[in-house]
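Below you'll find the structure, written out as structure tokens, and then a few comments.
The chains carry the letters A, B, C and D, assigned in the order they are written, with residues numbered from 1 in each.
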Amino acid sequence: MDYKPIRKVVSGNYAAAYAVKHARVQVVAAYPITPQTSIIEKIAEFIANGEADIQYVPVESEHSAMAATIGASATGARAFTATAAQGLALMHEMLHWASGSRLPIVMVDVNRAMAPPWSVWDDQTDSLAQRDTGWMQFYAENNQEVYDGVLMSYKVAEQVNVPIMVVESAFILSHTYDVVEMIPQELVDEFLPPRKPLYTLTDFDNPISVGALATPNDYYEFRYKLAKAHEEAKEVIKKVGREFGERFGRDYSSMIETDHVDDADFVFMGMGSLMGTVKQAVDILRSEGYKVGYAKVRWFRPFPKEELKEIAESVKGIAVLDRNFSFGQEGILFNEAKGALYGTGAEPLIKDYIVGLGGRDFTVPDVKAIAEDMKRLIEKGELDREVDWYHLKR
Amino acid sequence: MAESPFKADIERVGKEYSEKMTPGAIATIPGSSVINKTGSWRVFMPEFNRDKCVRCYLCYIYCPEPAIYLDEENFPVFDYDYCKGCGICANECPTDAIIMVRESK
Amino acid sequence: MEIPESVKKRLTLPAEEHFYAGHTACQGCGASLGLRYVLKAYGKKTIVTIPACCSTIIAGAWPYSTLDANLFHTAFETTGAVISGIEAALKALGYKVKGEDGVMVVGWAGDGGTADIGLQALSGFLERGHDAVYIMYDNEAYMNTGIQRSGSTPYGAWTTNTPGGKKHFLEKRHKKKVIDIVIAHEIPYAATASDAYPEDFIRKLKKAQNTPGPSFIQLFAPCPTGWRSPTDKSIEIARLAVQTAYFPLFEYENGKYKINMPSTKKEPKPIEEFLKYQGRFKYMTKEDIQILQEWVNHEWERLQKLAEVFG
Amino acid sequence: MNTLFGEKKEGATKIVLTKADEYPEAPVSIGTTLSNFTGDWRTFIPVIDDDKCVKCYICWKFCPEPAIYIRDDGYVAVDYDYCKGCGICANECPTKAITMEKEEK
């Protein structure tokens, strides 16, 4: 851990671009969409300045961006692309293709609300709507986590052969500048060796066929293999996160980052940048005598069931902050958390707060108000309602 | 008559695929479709008259399977394991050395 | 299979076979024949990309493969994009792409996957100038799903969603001229080819191999099942399509048009010759045939003029 | 009122909804952009010299807002509430009747 980090003040998007450069990615498929565009702009700048040796494919749609990335990854190259909202939705078909072909692609998705009405601001529904595509999902809280997340994701993905989506918040991270500690290239190279593909299309003496039709007799087994890979990925994620911590001083060995959970009455649980606000609010609330904790879900897929159970066992309540919504049901993280806890014996009060949809500001006073509400409910011992549209103009 | 060129492949495919499951639906043996004997699709079968054949190989060129190969004397041979009986060879043969006859099973 | 040198000389096509029997194409399939020719021309050092189409099935269900070459199956509309990605990766990994000893990246898509749903990816691929070959095997309808009309279906054709009937509901639009759309991208090499002229097709494949940049070949591949034609007439129909100037053979190379043999040879035969074996045209009235004939005449005249002016 | 949008402009007000119930079911817009006075984007302002104007209306034809209207007397005028100061009118005017001047706020 005795290395000298390179400190740079960069936006979340630039942090992602630097990580792509440092990971020695070989092929990048680029298609612009707000607020992702500055990632591919920065990568193009690296190429233009001779700082990175990357094959840059300026495709004609996000669907083709993912298709080209899949082609490149299947051929054996380390491949990258980035997108947001509508672009991610357009990619949907190819997301299945990437995971089904077991390609370790890493993609950055900048969380943006789905239209209509048009919105370019932060909202997690776009990435969470892709949860069943077989991709792993890493949610970054700040620019540093975007950088670290991309580097770690390549290492994890290439071990389990499952693609990973690194998710950051529109504008809140993507366009906001912050200090990011970058790792010198030679140390990244030590951490992340060149890719050893599961298969390649370049062995011409032993040709293969990838992704052919599978009859009902075989399809089922392939799905099971992918499910098993996700299950195994949990250990790999923890191992790689620990190794990252040992090498570079920032530990990612837990899939849920926690703080003040041990003696807390209740915890806030959420994903992405809004947990940065919560982190600050928790410190303030603690100084005011509230017994609150903090649980940030870093990896949404594979879902850290076991870690969640541990947290749930020690607290009386969980306030889930969902910057997303599954229509006809409830917040997606809330839904997942309840499902994961069913039958485990850990039954804290869980309430779902729908916050910040479409980039609605979510600030420290909001966290305080939610803490107030949660405290009241725990004292009462029961919920008034499960889902609270917190910001709604009433 | 010469042996089918696919015979060795069939044995290889059978052996290698006995209990093999690869992630990502990868078929690792090229040309392994030879295990699938499509000759059973046939209704009409090509009948070959060696005396009329001028060895122009048009039948060989146009066979979509391909199920026509050459014997020691370089005359075409029909691999009835795979021939689906489409009749292109008979239609293209300039000397009518191939005729399609109803197959009795 | 070992073929003696004396025979190889007379064969007019490469003797090596990288396309195996046992595939599940219908009897008399033009697409499988086309794929056989492609692999004869390019050999093993090839990466073929096949989207959803008949060839997905022809190439074999897991764990089997009809091709003795690397094959990547992809989604319907992505052929152009996937071959772009493969080409970029090959370059990143330091392979020589295209050329006599280079790796051949081949997109092999049907007419629906090229003229309709895949047109955007095709356009992007052509415009970005990747070193790959895109081959559209044109059987003039969505055959894998059971004969539905595509942009490439000709005037007056029966398909399952232009079924004729009392209202004479047949395809009312002429064939989409994909090759013209491709040429509008001003790529180095584009050509039409036919299953009935394999020597010409393989020559064109070789030319595409040795021309840097994107190449496109539109292959006329008869489909006896979809065209309601006798299986043995596949080659004859493909030949008649060329002889009636319905599907003339030509090349576009660096801005120059060249009509190929045998399209140059003599006056085209009447279009009825092409229609006669095909059940899909049996609902056409005399007027319909006249309309199709006029379209063919016009297109043929246009092509001749292009060859004359830009020859 | 003699401007391009006249009374419509006067009636255009900013819509501020304070209750979820007030929102329409689908995101259907209920106001116009006339309430958005883009005139304050302007750095340079077009000034029209009526003496030089030949009433060719080329400025009117090419105004992208549109913020140029034709007065009762046939001359043209600029609606400064919306004019963003792009300068197309000045550049296209054949008689140089429109000049762009730095705006003093």
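Criterion: a contact is a pair of C-beta atoms (placed from the backbone, for glycine too) under 8 Å apart; a residue touches a chain by one contact, two chains touch by 3 or more.
Quick caveat, the model's predicted, so the values are computed rather than measured.
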| item | value |
| --- | --- |
| Most distant chain from chain D by Cα centroid | B |
| Chain pair showing more contacts of the two, B-C and A-B | B-C |
| Euclidean distance of C-alpha centroids - chain B vs chain C, Å | 24 |
| Rounded Å distance between chain B and chain D, as computed from the means of their C-alpha atoms | 77 |
| CA centroid of chain C to CA centroid of chain D, Å | 56 |
| Distance between the centres, which are taken as Cα means, of chain B and chain A, whole angstrom | 53 |
| For chain B, residues that touch 2 or more chains besides their own | 22, 25-28, 30 |
| Residues of chain A touching at least two other chains | 207-212, 214, 218 |
| Residues of chain C whose C-beta touches two or more other chains | 59-60, 62-65, 67-69 |
| Inter-chain touch pairs (all) | A-B, A-C, A-D, B-C |
| Touching residues (chain side chain C, partner chain A) in the complex | 44-47, 49, 56-57, 59-65, 67-75, 77-78, 80-86, 88-93, 95, 103, 120-121, 123-124, 127-128 |
| Touching residues on chain C, where the partner in the complex is chain B | 1, 3-4, 6-7, 10-13, 17-30, 32-33, 36, 59-60, 62-69, 195, 198, 224, 230-236 |
| Chain D contact footprint on chain A (complex, rising order) | 116-117, 389, 392-394 |
| Residues of chain B defined as touching chain C within the complex | 5-6, 9, 13, 17, 20, 22, 25-38, 41, 55-57, 60-67, 69-70, 74, 79, 81-82, 84-88, 90-92, 100 |
| Of chain D, residues touching chain A in the complex | 17-20, 22, 27 |
